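Chain naming follows the written order as A, B, C and D, and within any one chain the residues start at number 1.
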Amino acid sequence: MAFKLKEEALKPERLTGGHRMCAGCGAPVVVRAVLRALKAEDQAVICSATGCLEVSTFMYPYTAWNDSFIHSAFENAGATISGAEAAYKAMKKKGKLPADQTIKFIAFGGDGGTYDIGLQSLSGAMERGHDMVYVCYDNGAYMNTGIQRSSATPRFADTTTSPAGSSVPGKQQQRKDLTAIMAAHHLPYVAQTAPLGSKHGGFKDLHEKAEKAIYTEGACFLNVLAPCPRGWRYDTPKLLEMTDIAVDTCVWPLYEIVDGKLTLSYIPKEKKPVEEYLKAQGRFRHVFKKGNEWMIEEIQKEVDRTWEDLLNRNETK
Amino acid sequence: MKKINWDLNNISWKDITPGGIVEVPGSASDTITGEWRSDKPIWDKDKCKQCLICFPVCPDSSINVSEGKMVGIDYDHCKGCGICANQCPFGAIEMVREG
Amino acid sequence: MGKRDRLSGNEAVAVAMRQINPDVVAAFPITPSTEVPQYFAAFANDGLVDTEFVPVESEHSAMSACIGAEAAGARTMTATSANGLAYMWEMLYIAASSRLPIVLAAVNRALSGPINIHNDHSDTMGARDSGWVQLYGETNQEAYDNFIMAVKIAEHPDVCLPVMDCYDGFITSHSVEVIELLDDQDVKNFVGEYKPKAYLNNPNGKVSMGPLDMPAYYFEHKRQQAEAMKNAKRVILEVSEEFYKLTGRKYGLFEEYKMEDAEVAIVLLNSTAGTAKAVVDELRSKGVKAGLIKIRVFRPFPVDEIVAALKGLKAVAVMDKADGFNGAGGPLFTDITSALYGKADVKVINYIYGLGGRDVRTDDIEVVYDELLKIAETGSVKSVYNYLGIKE
Amino acid sequence: MSKVVEIRWHGRGGQGAKTASLLLADAAFNTGKYIQGFPEYGPERMGAPITAYNRISDEPITVHSNIYEPGYVVVVDETLIDSVAVTAGLKDDGAIIVNTAKSPEEIAPKLRGYNGKVYTIDARKISVECLGKYFPNTPMLAATIKVTGVMDPDEFIKDMEASFKHKFASKPQVIEGNMKALKMSMEEVKGI
């Protein structure tokens, strides 16, 4: 399973250019990386929840997908792909598909379609144990409709429905720990990952986790940090600087849970202060205003608490 | 690869594919998003060490790779985000203003 | 040769499902449709079918999984009622516009609120514009027959639309009656194999389904959908003719009961038609020229045929088991009167009846015919929009 | 419509009145009749009074309303007599069958002025004696066949034996007990 970029680059591209995602968007980078983990000879059926990814990659009659693709609605990618997977099993059983034909079922959803409106559908599909992978590309807000807060939005972030106002300074709640919720479904494989810069091994972590998720039988879940330059307010070239600092500050820890056992994939030698993550993004500008130091402290406290918790649960110390 | 070869403005309802199904995989590659670009990545073949770091970081699948080697940039689809230039360890990609 | 049996409506539909042996059934329980997936799950777990049964966590996911499965190339079915159908609403439209021939047993139940588990037609009436073909049946036999025919109608290349097999909750779904079942092999031959042209799981042709459809094409896709619904009328008759040859049971767009020389008639759907037939017989024995029309195909609506059937009658009562809340009448009434507009000068009144399981007796139906006879005699209509069996 | 025999069952949720109505429908079906068997559904749970119906006829039945003027009423639990209007609409030329250890003479005065025939059967005694447990369905079904005359008793017995043999193929003692209960019930149902 070793990751060799040169070899991976020989595989056919499964997401073409010509889609209409924003310049510098993190989501198609995540999608390409996940699909690159498929064996070249394997067929894939891909589903997307309504969201930036869907409306930008399949605007009739132009599809950016080189595999079979289906979108039906916002809140039901889990159920929709589970139906396609059930069809595959039935068609195999009835001899309607060649016995040696492997099809992999992969669903993508943003945090809106995954953490929030699609959580029930996702939970149902995962609990039923379809042989599928659900990939959440988490950019921390409803970006498609114009940067509204979601339950994945970090505390104090400025969004259009949690604006940094003079009396309420941004989103008030902690983000939901969706990866833990998915792990509580007793799935064979759950992981949190991100596309990273070369000092963190580049796409190794994401690639290997995608490969495990795709080729582990049963329902598997990946939560992938996918920065949004527009919603986070940073310059487009800095995509991987965002993910790098997210893992170095432990805002976005990398780990996997295999049959309930948690392993941290990356433990920074020196955990960086959360300011470094916050100051890189316009959505946190207000926390640096004089008198708002408490907000940074609060964020740091929460990051420390969850990181400590993960360190305690880490089985390969 | 097949292409969408309709007269986009004048296709009859009788000829359009039912239910919005598209049977031409990757047909989006027919559309040009290069026009979105205000900065253009310029690849310097001599500085390039063929590490391929630019390849997976591109949101628009616009780093042309052939037989495991970087061979150029797909300007039809590159939107000029600059991630490749930012990540290149050898300064082999430079962003310049369009036009 | 068929087999005489006694089954409830839900059992009968589950048996039809077993005989069809679909690829995927995804369903969530809701009274009174629950028994359909329940019986079917037993068939699946006893190895009588090789269907993938997907016990989803909601009706929304049931229809979503059906969409995913049908799009992937599987013959797919489900069952629901009332709030379950309402919870599917968004996906009903998507199934139809994606041109996926899913078959749904819609066991009619009053839609909340207040919550009520008993029969009326407010659930499927609300889905009448969703782009699904809707067939209605009076008895277990018709629910069963329609379900088998639904597969063929839905999958016909000129149609490619999902079909609802609507029958009355409890009255039909839970009542055991005599039924003539087809042989398993006859059903298998009749429905044939499902061979979609393009589908997700096809190893030889990759497809993308469910696009963002901009103003340049959306309208054209809707126009195609409308054409498919028009085609459905012809296809339903063709499939029904084929079914007649197989079973001797004749089905049209609607059933005309003692209409040849009728002067007054009522028009309605589903099980109440049986109760009303008994009243027609009684009236006929007294020399009254009463008749009845039971609509089988509500979507597409048989506009011209209905006009031809009602033309020349002295008075007609349209009975709706769902209110329209438009201040003017129920949904069936609205469709019938707009069909007649400018084509026939018939006096038509409307009765809203039986909401939330209010039982409908022969006495109630007699009231309607009495009123029609008064209109026929005097030529004047007292009230157009009426309620039958309400506590005044 | 007069040829249709209409029967109303009163029982409690979980006692099997609905099942009894379905068994009756089954038995009549097997002799070539047209049948309906349907419960009146509510949110009732175990123990609540429930009603079920049968229509049995030599010709197809089209009416799909509940039954308001039954020819026969079967009361599976005698305690219902005090709380439910079991004789409501019951035709005077019909009959009521009550599961009780009491005699018809003792039951008749409790029936709110009902003037038709009253039958009683001690389903508990018969059931316990023949099956070792209290299953009122078999005795009540047999008594109903006997009283209503919807089918020939001998044909009914034969048909039930066949269906028990099919259903309890591996438990011959159950078949025997049930057959004994059927026959005993037909003999023991008493009327005035």
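Keep in mind that, in the parts below, a residue touches a chain if its C-beta (ideal position, glycine included) is under 8 Å from a C-beta of that chain, and two chains touch if they have at least 3 such contacts.
Just so you know, these numbers come straight off a predicted model, no measurement behind them.
A.B. asks: Let me spell it out: compute each chain's centre from its C-alpha atoms, then which one is farthest from subunit D's centre?
C.D. replies: Result for the farthest chain: B.
A.B. asks: Once you count every C-beta pair in contact for both, which comes out on top, B-C or A-C?
C.D. replies: A-C
A.B. asks: How many angstrom lie between the centres of subunit B and subunit D, each centre taken as the mean Cα position?
C.D. replies: 78
A.B. asks: Taking each chain's centre as its mean C-alpha position, how far apart are subunit B and subunit C in Å?
C.D. replies: Their C-alpha centroids are separated by 50 Å.
A.B. asks: Report the inter-chain centroid distance for subunit A and subunit C in whole angstrom, where each centroid is the mean of the CA atoms.
C.D. replies: Roughly 43 Å separates the two chain centres.
A.B. asks: List the centre-to-centre spacing of subunit A and subunit D in whole Å, with centres computed as mean CA coordinates.
C.D. replies: 63
A.B. asks: Scan subunit D for residues touching two or more other chains and write them down.
C.D. replies: none
A.B. asks: Going by the contact rule already set, what residues in subunit B reach two or more other chains?
C.D. replies: Correct list: 20, 22, 25.
A.B. asks: Can you list the subunit A residues in contact with two or more other chains?
C.D. replies: 58-61, 63, 65-68
A.B. asks: Provide the full list of chain pairs in touch.
C.D. replies: A-B, A-C, B-C, C-D
A.B. asks: Show which residues of subunit C lie in contact with subunit A when the two form their complex.
C.D. replies: Contacts found on subunit C: 23-24, 26, 50-52, 54-58, 60-62, 64-74, 76, 90-91, 94, 98, 200-203, 206-214, 217.
A.B. asks: Where on subunit A is subunit C touching in the complex?
C.D. replies: So the residues of subunit A in touch with subunit C come to 43, 45, 47, 54-55, 58-61, 63, 65-73, 75-76, 78-91, 93-94, 96-98, 101, 103, 120-121, 123-125, 127-128.
A.B. asks: What part of subunit B is in contact with subunit A in the complex they form?
C.D. replies: 4, 6, 17, 20, 22, 24-33, 36-37, 51-53, 55-62, 65, 67-68, 74, 76-83, 85-87, 89, 95
A.B. asks: Would you pull the subunit D residues touching subunit C in the complex into a rising list?
C.D. replies: Contacts found on subunit D: 1, 22, 25-26, 29, 34-39, 41, 43, 60-66, 68.
A.B. asks: Using the touch definition from the top, list the residues of subunit A that touch subunit B in their complex.
C.D. replies: Those in contact with subunit B are residues 5-10, 13, 15-29, 32-33, 36, 57-68, 195, 197-198, 202-203, 229, 235-241.
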